[in-house]
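Before anything else, here's the structure in question.
Labels A, B, C, D, E and F are assigned to the chains in the order they are written; within every chain, residues are numbered from 1.
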Amino acid sequence: MHILVVNPNTTSSMTRKIGAAARAAAAAGTEIVAVNPDFGPASIEGHYDEAFSVPGLIAEIKKAGDADAYVVACFDDTGLDAARCATEAPVVGIGEAAFHVASLVAGKFAVVTTLARSVRAIEHNLVRYGLAGRCAKVRASEVPVLELEVPDSTARDRISAEIDRALREDAAEAIVLGCAGMADLAAALSQEHDVPVIDGVACAVKLCECLVSLGLKTSKSGAYAPPRAKLYSGMFAPFAPPC
Amino acid sequence: MHILVVNPNTTSSMTRKIGAAARAAAAAGTEIVAVNPDFGPASIEGHYDEAFSVPGLIAEIKKAGDADAYVVACFDDTGLDAARCATEAPVVGIGEAAFHVASLVAGKFAVVTTLARSVRAIEHNLVRYGLAGRCAKVRASEVPVLELEVPDSTARDRISAEIDRALREDAAEAIVLGCAGMADLAAALSQEHDVPVIDGVACAVKLCECLVSLGLKTSKSGAYAPPRAKLYSGMFAPFAPPC
Amino acid sequence: MHILVVNPNTTSSMTRKIGAAARAAAAAGTEIVAVNPDFGPASIEGHYDEAFSVPGLIAEIKKAGDADAYVVACFDDTGLDAARCATEAPVVGIGEAAFHVASLVAGKFAVVTTLARSVRAIEHNLVRYGLAGRCAKVRASEVPVLELEVPDSTARDRISAEIDRALREDAAEAIVLGCAGMADLAAALSQEHDVPVIDGVACAVKLCECLVSLGLKTSKSGAYAPPRAKLYSGMFAPFAPPC
Amino acid sequence: MHILVVNPNTTSSMTRKIGAAARAAAAAGTEIVAVNPDFGPASIEGHYDEAFSVPGLIAEIKKAGDADAYVVACFDDTGLDAARCATEAPVVGIGEAAFHVASLVAGKFAVVTTLARSVRAIEHNLVRYGLAGRCAKVRASEVPVLELEVPDSTARDRISAEIDRALREDAAEAIVLGCAGMADLAAALSQEHDVPVIDGVACAVKLCECLVSLGLKTSKSGAYAPPRAKLYSGMFAPFAPPC
Amino acid sequence: MHILVVNPNTTSSMTRKIGAAARAAAAAGTEIVAVNPDFGPASIEGHYDEAFSVPGLIAEIKKAGDADAYVVACFDDTGLDAARCATEAPVVGIGEAAFHVASLVAGKFAVVTTLARSVRAIEHNLVRYGLAGRCAKVRASEVPVLELEVPDSTARDRISAEIDRALREDAAEAIVLGCAGMADLAAALSQEHDVPVIDGVACAVKLCECLVSLGLKTSKSGAYAPPRAKLYSGMFAPFAPPC
Amino acid sequence: MHILVVNPNTTSSMTRKIGAAARAAAAAGTEIVAVNPDFGPASIEGHYDEAFSVPGLIAEIKKAGDADAYVVACFDDTGLDAARCATEAPVVGIGEAAFHVASLVAGKFAVVTTLARSVRAIEHNLVRYGLAGRCAKVRASEVPVLELEVPDSTARDRISAEIDRALREDAAEAIVLGCAGMADLAAALSQEHDVPVIDGVACAVKLCECLVSLGLKTSKSGAYAPPRAKLYSGMFAPFAPPC
């Protein structure tokens, strides 16, 4: 099985970390390829960055047209709906993956993400997916995305402190880490706090393996129908849906 | 007052129709400029097209940096959140505008849109905005967007028939037209069916005038904070947020 | 355009303040007439007062039968549904107006109102309108309505302190002032706290202008159908719906 | 125990029917007094009539200041919140009573009411009470309230036909009759359709008996706090809350 | 009238206390029989205990096949749905009884229960019943169930302290005691805190009396249809539904 | 990896079918053992049967104390919460598994189950899990559970007809089969209707594999804490939680 993991930002060190987390989670027969677009923002922190990361995400999916499944490796599930229209293969976002998995091991979970500006987008996704009632609170640790790439930063400690607050104040029974760049922290934080600490990258890889094994593909009868043939102009002409 | 109305698709005949509807709704002192990107899809029918229309939308907003307010003239409110991050001025989507206005004149409204594939995205927006409970049903007339630009098409009759079903089967008290390209049909359909029939383009222009008059701008303290300075690569480099 | 702004309580100093706020918000061609009933309670603080303010509100609307639109200037939207049945012209409550406008400029807003006893009624309205999910919290400043009419009171400071709590504790991105008597405070409080602070009186006037410009009237096909002809006895006989 | 049942409209034949239904439901030691205001509308069909029935309702409650509990005998629960502020004794609306009782004997119930114009108000109450999820549908039989007072009308048959539709189309497991004037039909319709058919008048009487027996009174710490002392002007001066 | 009150755990001292509370609430003509199974757990603290208490609960209901109504006297409403299938007579759970009654006397209530592990189950019930929006918070006092049976324990004080927090922090207007074993504390705690403090045992008895008086039985047309005849094996063979 | 699949009813032919479906879905290294209790009901059709199937389910889990994960193979997720308290290993219900998987491949899904009496229980689960908004409708095919074991029955055709209605009337984009006994029909029905048709048994096995691979166990900090030590009497004494 071949799963393409797309980090929709352009920071290749983060792509490597995500790839490693994905490979660590993958089954023996699963080949993971982790890529990022060569155009777009270096990190995704809010809706503006999202807007400019989605075309690159789709470009990567189109390039790798033969993957068995795709992971969108940004916790906001940036471009997930568009990606589902772009391919017949299953596509899983790391945010939704973490929410669904957390719902299987805990009555209520909390999300610990990066910056306050991302909280609303995550809340909106929870509402759309129907899982808002399962989430006690979305919390910001105020750690910027790229600080997670900096050795010797205090990022990990601030995230751990926020987890502590979620457990005490929100009665959360599990923690979802709200950024792909936190993928390498899950195991140690789980041990430290003695509750499930869930990383979306690993979850998304496993859910892709599930869907492929089950022979399930994205339904093409409604929201994710293939794009209708039409003119695409200018820099996006190469992305025009075929007739 | 200067309002920039951005049709996020590249079909200039539709932009002209939208511009005319916007001007017809505008107050005496309001200058309407209607534009569309020169790159992107010719129509927006589903999530894939959306992904490739948002950068062009943002580009138009950036070019016209001195407008007092902005209208996103696609009923899916494509790129609305990103647009709100891109400017301090108010930004209103024609979908949300129509939903809020309909809520002021009817207990429950129905939406009559183009294709079935757009229903779910509209439902998702209603859920996110909190107004799902006010909408009796989102209905597809199965009229493709660009057929609305074709003289002598039967589009208007099919839309009218769908309105009829919404009034009889859903007990809708008002109708929201679910596509910018239907802006010119609202008045006649309202007269024909004797209920409010609401066009989002006109509503969005009026709500922009409201917000500007009230001196209200998009809050910058949370979801719509300005983008943080960072590297943008490749074709999107020109859109990098300033330091 | 002629907009009748009805303060449903009988305190004329408050009516004058509301009228001034309404006129400050109105467009050049809009004539504002601000009135209050000559019978009923001096302020509206809870459901009991509401019950005795609605007939006076309707009486004022009936007297001014030729207005283009009506504003119900009590933050509880007291009698709004009844008022919509009483006229074909649009009617907008200042509570709903503020909620809809706040939804256009912020991901989540908080309400700062007068007394704790009014919190539940405002929460109920938010639930009914569908906008509860957009409101982080309804907060009481424990400032009674008529204290807002007293020079040298500390009311403003207590409201400002409550706004501060809403921003810090609720992550509110905008503030809605929950009483018509706070209309004159919005601008200064917005500047002080650097977030949108929204007054419902101004919002309702602008939304009335919107609806009138758009040619939209309250739907008469359901909840707001005109009253059926019937006998009204005693002191309310003059209000009997015509055959 | 003394329960005052207030029919908020002025039609005394309907008050007599309601009184008989209440007495039939009451326990041996319960004295039922059924009254109606001498001012206000002859029937309550929509929000306009409601506005003019609430002061009369409160007047009746104030007159009978020594009752142990009060029933608001209009299915819209007209003035229920105001009534709760007007007395320390429990107050129960026949709409809410029927909804709560139906929730104890059925997974989902349907409401069969009079006119379409009343549907939205009932839906709003269900949302406010939190019981909307328990109601499969609110249905209008298009029988006007006062036709229920007319011998030889076909009202009963049309109500029965609507019950039939609710059972077949909505999978309702119980039926709530949505008008005080239908109180005398419940038993026969239940037998005819072999499901619980629930009349709110009887339910409200029994719930009042419950609350009185349990020594429970309306909480005065929030929404139902007693009205604050203030000036009431004109025809409502006699209703001013005492200092 | 004969009401069987089943304490689904096997602790007979608790059954006696529940029986006393039930008798204190019952009307003159109501005979209360309080029983508990002779097999199962000594207390019900979480889902595991629930699983082993339901068959005993059903056994008691089957033994007493001639009661007019049944009370399930565990605050989690353990086995309530199954009990409703097992008999034609009404069945009321003490949790739901307390929630419905609290909704009649307060805008919002809080629940004060025993252990944190029970919070989620109570929240789930509130969601299922539709009354989650009426509950400000479910709070754990961390008093184990059987400590309520211990003379000289500090249980009462810890419960009172938790009530205090609910009133101050959650703006609760009434308190629901979240354990059958707290039935004897309601009156004194209500007096101490000057708000309604509601015990589910008494509420359930009164609601049973209501339903029986009204001639209402559980609907057999859907969720609570009688069990279909089928083979039951092993220790449960005696419980097989009859052909 | 060792997964124990428990069919909570006692029909061994159904257990064999479930076991085959589970093995067909399992990865190469996964050992599936499918069991059923030797006491309890022969099929689970409603809440009464559920009550008597949970102890047997727990007994099977306790017996197989060394499994890496457990599947509850009844679509009502009978006893799932209790099972999660009984073991540290992950436990997945086939109902929840199907709902979560369907949410990854479709905007909205419909459920096609056996009898009308099961509809409400499934709706309740959807509400509790938070996924009700993702389900267009729960539909009954009126095929009893054990008819699925009968060769030459018309069960498959009636299920297919109900799927057809779900696609046409509910705009469902995927179908969830609402009974473990339908596990063998999914593939052919998916091909016939050209949408994803999802069997919960296969989904649950794959999700168990996910959770085990990810090293995730049920959180023990809240709803699923291990049972507290206490006396269990009579036939359930062997199930008493250890001190």
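One rule holds in what follows: contacts are C-beta pairs under 8 Å (C-beta built on N, C-alpha and C of every residue); 3 or more make two chains touch, one makes a residue touch a chain.
Please read these numbers as outputs of a predicted model, since none were measured by experiment.
Contact with both subunit B and subunit C is made by A, D. The interface formed by B-C recurs in D-E: of the pairs listed in C-E, D-E or D-F, only this one shares over half of its residue-numbered contact pairs with it. With rounding to the nearest 5, the Cα superposition of subunit D on subunit F corresponds to a rotation angle of 120 degrees.
Ranking all chains by how far their C-alpha centres lie from the centre of subunit F, first place goes to C. For this pair, subunit E with subunit F, the centres built from the Cα atoms lie 28 Å apart.
Averaging C-alpha coordinates per chain places the centre of subunit A 43 Å away from that of subunit E. For subunit D, the set of residues touching two or more other chains reads 107-108, 116, 119-120, 127, 133, 171, 222-224.
Contact topology of the protein chains: irregular, matching none of line, ring, star or complete. Touching chain pairs in this entry, ordered by label, are A-B, A-C, A-E, A-F, B-C, B-D, B-F, C-D, C-E, D-E, D-F, E-F.
Subunit A contributes residues 107-108, 133, 171 to its touches with subunit E in the complex. Interface of subunit A with subunit C (complex): residues 116, 119-120, 127.
For subunit C in complex with subunit B, the residues that touch the partner chain are 25, 27, 90, 92, 96, 100-101, 103-108, 129-134, 167, 171, 173-174, 187, 194-196, 198, 202-203, 206-207, 209-211, 213-219, 221-224. By the touch rule above, subunit D contacts subunit C in their complex via residues 10, 37-43, 45-52, 54-58, 79, 81-82, 84-86, 116-117, 119-121, 124, 127-128, 144, 146, 222-228, 230-237, 239-241.
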